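Have a look at these structures, which come just after this line.
In the two complexes below, chain A is the common chain; its partner is chain B in one and chain C in the other.
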Partner chain A sequence: MRQGGSAWVEPIVTLALAIAAMAAVHGSPYLEAVALLTCTYAFIALGMYLPFIMGGALSMAYNAYLGVGAYALALIAGRSDWDLAWSLPIGMLIAAATAVLLGFATRRLSGFYLAAVTLLFGIAFTTWLVDAESVTGGSGGLQGLRVPVFAGRPLSNSTLVMLTILAVWIVALALSRLRNSPFGVAVRARRRAAIAVESCGIPVSTLTLVSLGLGAAVSSVGGSLFAVANHAILPESFAVDLVFLCIFMPLLGGQDRPWGAVLGAILVVTFTFQLTFFKETGSLFFSLAVLLVLVIAPRGVLGYVLIGLQKLWKGTRGGETRHG
Partner chain B sequence: MAEPSNMAEPSNMAEPSNMAEPSNMADVILECRGVNKAYGAVRAVNDVSLELRAGEVLGLVGPNGAGKTTLVDLIGGEQRPDSGAITALGRPLAGAPSRRARVNGLARTFQHPQVALDLTARENMLVGLAGPSLATLSGQLRELAAGIVGAGSRIERDAARGEVERVAAALGLKDIERECRELTLGELRLVEVGRALLTRPALMLLDEPFAGSDAHGVAGIRSAIAEILRNGCGVILVDHNVDIVASLAHRIALLNLGAKVFDGDPKACLASPEMQAVYFGEREAA
Partner chain C sequence: MPSQLFVSIVEIGCFFALIALGYLIVLYGAGFFHFALGPYAMFSALGAAYWVTASEWPLWVAVVAGVAAAVALSVVTELLVVRPIEKRVRGEELPSLIAVVATLFAVSQLAGTVFGRKPFPGQPWMDFEDPIEWGEAVIGGQTVIIVGVTLAIFILLAAWLRWSRYGQWLRAVGENQEAARTLGFPVARIRLAAFAVGGLIAGIAGPLFSPKAGVNFESGLSYSLFGFIALVMGGTGSIWAPLAGGLILAALQIAASYLFGSPSLNYATLIAAALFFAFRPEGLFARRVRH
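Up next, the complex of A and B:
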């Protein structure tokens, strides 16, 4: 539920950080490419946040949802005269429908069995991308995608980066609002006390399907973004190892808020692609970092930063009171 | 839900003498007829028939393994009876999933509190308030959209009017912004009762609500029962503490080895040879 005046702090602070990020990468093609990659990961992690972190439904087919978004854009770009903007809602709808169908088929499964079946679906999807050559271009993928048009002009890379960071901010803020709404509270309660949620008249299976659908739609935006940024897509870009990387982003960044998923994406890209002294072992370092966080700081980096800030705030207020 | 001014404070413990007498037989809100449930060779519920009227507290007592919780699970829809009929407010319930039971006006608490420990007490109770709005796919999509754009939904308007706080106050539950992992077992039971109350039930199933509760928790649950009765609802109260059940119930059904062996006035039940036989054995009863 919203908490009066403090409800404005979160959007203002995070918007300021988003604008700072835009300013930091602006003008550097390399940093802009890193920012686009980070945002792609952030969309996948945000897509996982509602069903997995909030609702406890672990689907491992997010590589397929990402691929749906990317191929929707690539097919519209390569085989139609439609505006590329259409690829976003179309990709989101197809990804959501896929997730709902898969969720419905696996509705009686949970835990390991749900993860295993959805993982198999993810693997089958990448195999299908290679096999269905007439649609997907096969192992060679789809190349030379046309550049989207924005405000009547071809979309420059800098503008794309700005719009993408803004989109990540909007999605994370929307999920943050949703988390505290009655719908979000019911989804979170479902994770630990599904029988109680059901006894209140809320169909838990429907709640899970809606969450999975929304999560898949959010992840597909990352796929569309990936295709726009690279002007080409290959099936191997949507392999299942991507999912394992993304599962841990919210855990590393912090589970209490969707912003933790964004922070996790930043940390993953930094560890695996940016730090030169971890060049060969970035993934290993990331795995160790996740293990350490889960053992000693299960609230994630952001969770402990916020706890520290709260203590600092209370200390300041306490000091004022004592002096007053 | 009654207005706050009508809600009893926990300290105003509702004694049976203060409780209104249940209405006449025409107001039967729950009826079980010949209900059976077996697990292999064990007959957990054996041909049980009972009914509950509006404004009535029916105590369900019996030793361990008597079939009390199984019967509550059958009524609540968590389990399916092998045979027999259960109707709530005139609608058949047997075999219905638990949320169907809720749609038919039933709310319940559980023998082992089913509460999300990482949520606050307020959030857990809010699930009860949200139940009717999130009962359908269209309702969930509406609430999803309202949650994303930050528009106030019906649930949020109710919450903003302090519905959750009013129920918590009536139960004597303090500081509901605490995470449930910080609450005592008695407080967790109050959270469950509050969540069930917020669904605006016609019938409440309370499964061992006094187990693990301190005097404060017992007082809160007594207040909750009084509140439910004021709204003309019925209560099925299951507990091992026969004295507390007898002090609150208008009628007691005694179960033993899955079968109902007594159904009647609480004082008569306590003094009955069936009660003596069930709890102290045939020799003492003789």
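Up next, the complex of A and C:
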């Protein structure tokens, strides 16, 4: 995929897969629900991709950003007559602002210290969701959200699923492009050589804050989606355990590309919710799979699939030249 | 504050201090924050509670089994996870951090799968017929045990670091593994000893404290976090620093939830951690380098 002239391969192949996914789940309410959950996870994983996988900063407060998106939608649904679509930009803005503030407060921290403080922030956020009853509805959450209107009609679940899969495709593709842009290259260089990046005249702290803000905004979309899909939200849906699943998604799927985060989300939902064979032990198998990937297969599932495809591609091309 | 709360501060403080001490030993020996210590403590506590109630083992057998499991988990983590990854990435911190976070999650899920996902009350090790009365406060048997065992562990560890060969070598290896290897220290074995001792301390801390607050398969994360913050507050300059850090963090949490209601426990912890990390990341007891 990296060779010149194949700039169209990535969008076309992935769009084809996205359309195939839409067709596969269409008509089955159960599969549609599974697809929506997968997309929620995919949004968080994609949100983490930029600051975490590319930038190397393990900021873990993503449950809070997801919660911001969800509560933005729920509050607009319950306390205003605005179009629910407004919750997307509002949620994204609040989540990005929260992430930038938290990032600014923790700008000198890295590694374990950053992970610990951001985890505590995530825990404090869920505590606040239960505590601030007048705003968030407390432990009962916010129930009975109205159905959003799309093109003059109430949004059906099937349409929501299609729009969502399309949105995941757009975000992942945008991130993939961003990865190879000058901004993306600087973010990735920061992970290993922050001082070198700084000495090129790029302010590393601003770079980090921007990537944290963008990532939080993407994750909050997942939150809004979650609220729409369930017509209700509960504070425990945004507990910190969620963050663990989300850190592991891009690792399991493959760190080299944002598509790995999407693949990771699909794997997680399959492992933990889908396979009745695994039942309660799904998360155990999932965590062992992650450890296995970390220790012996650091490129993740997608990484090895791509290597295989590239070998195949080179093999056929080699064959052609010999014939010609 | 009612004086009973001071008893709670001491109990919780001792527990945080033990987890922080586990961190400190692994940090000395392997230059590494062992985030999975909390789940080891949880595993040991949950295992002991499960074996006593479901399998009807005698308490001490269950506790010994739990502690052994914690040590084994810690050793396995070093051998199968941390060591291969550090060998591959050479000096980059993030992969080890992710791996130990994955271990944290995996151990929690393992405990949830083996012992079930419902909370267990812990089993007290000792109960007085007549609890000691101290002012308005009542001090039960488990409180005495917690304080006694914690102090004993701290004293033993201090002695181990000072007088045993491995204890003395521990710091040399943690400071600079390459130099220690060049000088012929058995680096791999010393690191393994550090992980084993860290697991041992966490394994004892879990069932020791669980009679006070109960335990479930998800407790490990907060154990890890609070222990880490206690370590940062105390600093890494002295073997006794974790004890100070643990007691300060416990005092802060209890005072916050007494004064402002229980949700503020988490807010106070976040604020305290952020302030400490920002202004005094070396903790209260840092090693001073003389010029």
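As a convention for this text, the second predicted complex is superposed on the first by the 320 of 324 C-alpha atoms of A that agree within 3 Å, B and C clash if a C-alpha of one lies under 4 Å from a C-alpha of the other, contacts with A are read in each partner's own complex, and residues count from 1 in each chain.
Basically, a contact is a pair of C-beta atoms (placed from the backbone, for glycine too) under 8 Å apart; a residue touches a chain by one contact, two chains touch by 3 or more.
Just so it is clear, the structure is predicted and the values come from calculations on it, not from any experiment.
Engineer: Of the two partner chains, chain B (first) and chain C (second), which one does A:196 touch, if any: first, second, both, or neither?
Structural biologist: A:196 contacts chain B only, not chain C.
Engineer: I'd like to know which partner A:121 touches here: chain B for first, chain C for second, both or neither.
Structural biologist: second
Engineer: On the A-aligned overlay, A:284 touches which partner chain: chain B = first, chain C = second, or both, or neither?
Structural biologist: second
Engineer: Please indicate which partner A:295 is in contact with in the superposed arrangement: first for chain B, second for chain C, both, or neither.
Structural biologist: second
Engineer: Between chain B (first) and chain C (second), which does A:263 come into contact with in this model arrangement: first, second, both, or neither?
Structural biologist: A:263: touches no partner chain.
Engineer: Looking at A:241 after the superposition, I want to know if it touches chain B, chain C, both of them or none. Which is it: first, second, both, neither?
Structural biologist: Touch status of A:241: second partner only.
Engineer: May I ask you to decide whether A:112 touches chain B, chain C, both, or neither, giving the answer as first, second, both or neither?
Structural biologist: Once the two structures are laid over each other on A, A:112 reaches chain C alone.
Engineer: Check whether chain B or chain C contacts more residues of chain A in the superposed model.
Structural biologist: Result: the larger residue contact count on chain A belongs to C.
Engineer: Which residues of chain A are in contact with chain B in one complex and with chain C in the other?
Structural biologist: Touching chain B in the first complex and chain C in the second, residues 191-192 of chain A appear in both lists.
Engineer: Given the complex with chain A, which residues does chain C contribute to the contact?
Structural biologist: Within the complex, chain C contacts chain A at residues 33, 35, 80-81, 84-85, 88, 92-95, 97-99, 101-106, 109-110, 112-113, 117, 218, 221-222, 225, 228-229, 232, 261, 263, 266-267, 269-270, 273-274, 277-278, 281.
Engineer: Where on chain A does chain B make contact in their complex?
Structural biologist: My answer: residues 1-2, 174-175, 177-178, 180-186, 188-189, 191-193, 195-203, 206-207, 210, 214.
Engineer: Considering only the defined contacts, which chain A positions touch chain C in the complex?
Structural biologist: 56, 58, 105-106, 108-113, 115-117, 119-121, 123-124, 127-128, 130-131, 191-192, 240-241, 244, 247-248, 251, 280-281, 283-284, 286-288, 290-291, 294-296, 298
Engineer: Using the touch definition from the top, list the residues of chain B that touch chain A in their complex.
Structural biologist: Touching chain A from chain B are residues 76, 78, 97-99, 101-103, 107-108, 110, 114-119, 123-124, 126-135, 137, 140-141, 143-144, 146-150, 153, 155-156, 159-160, 192, 195-196, 199.
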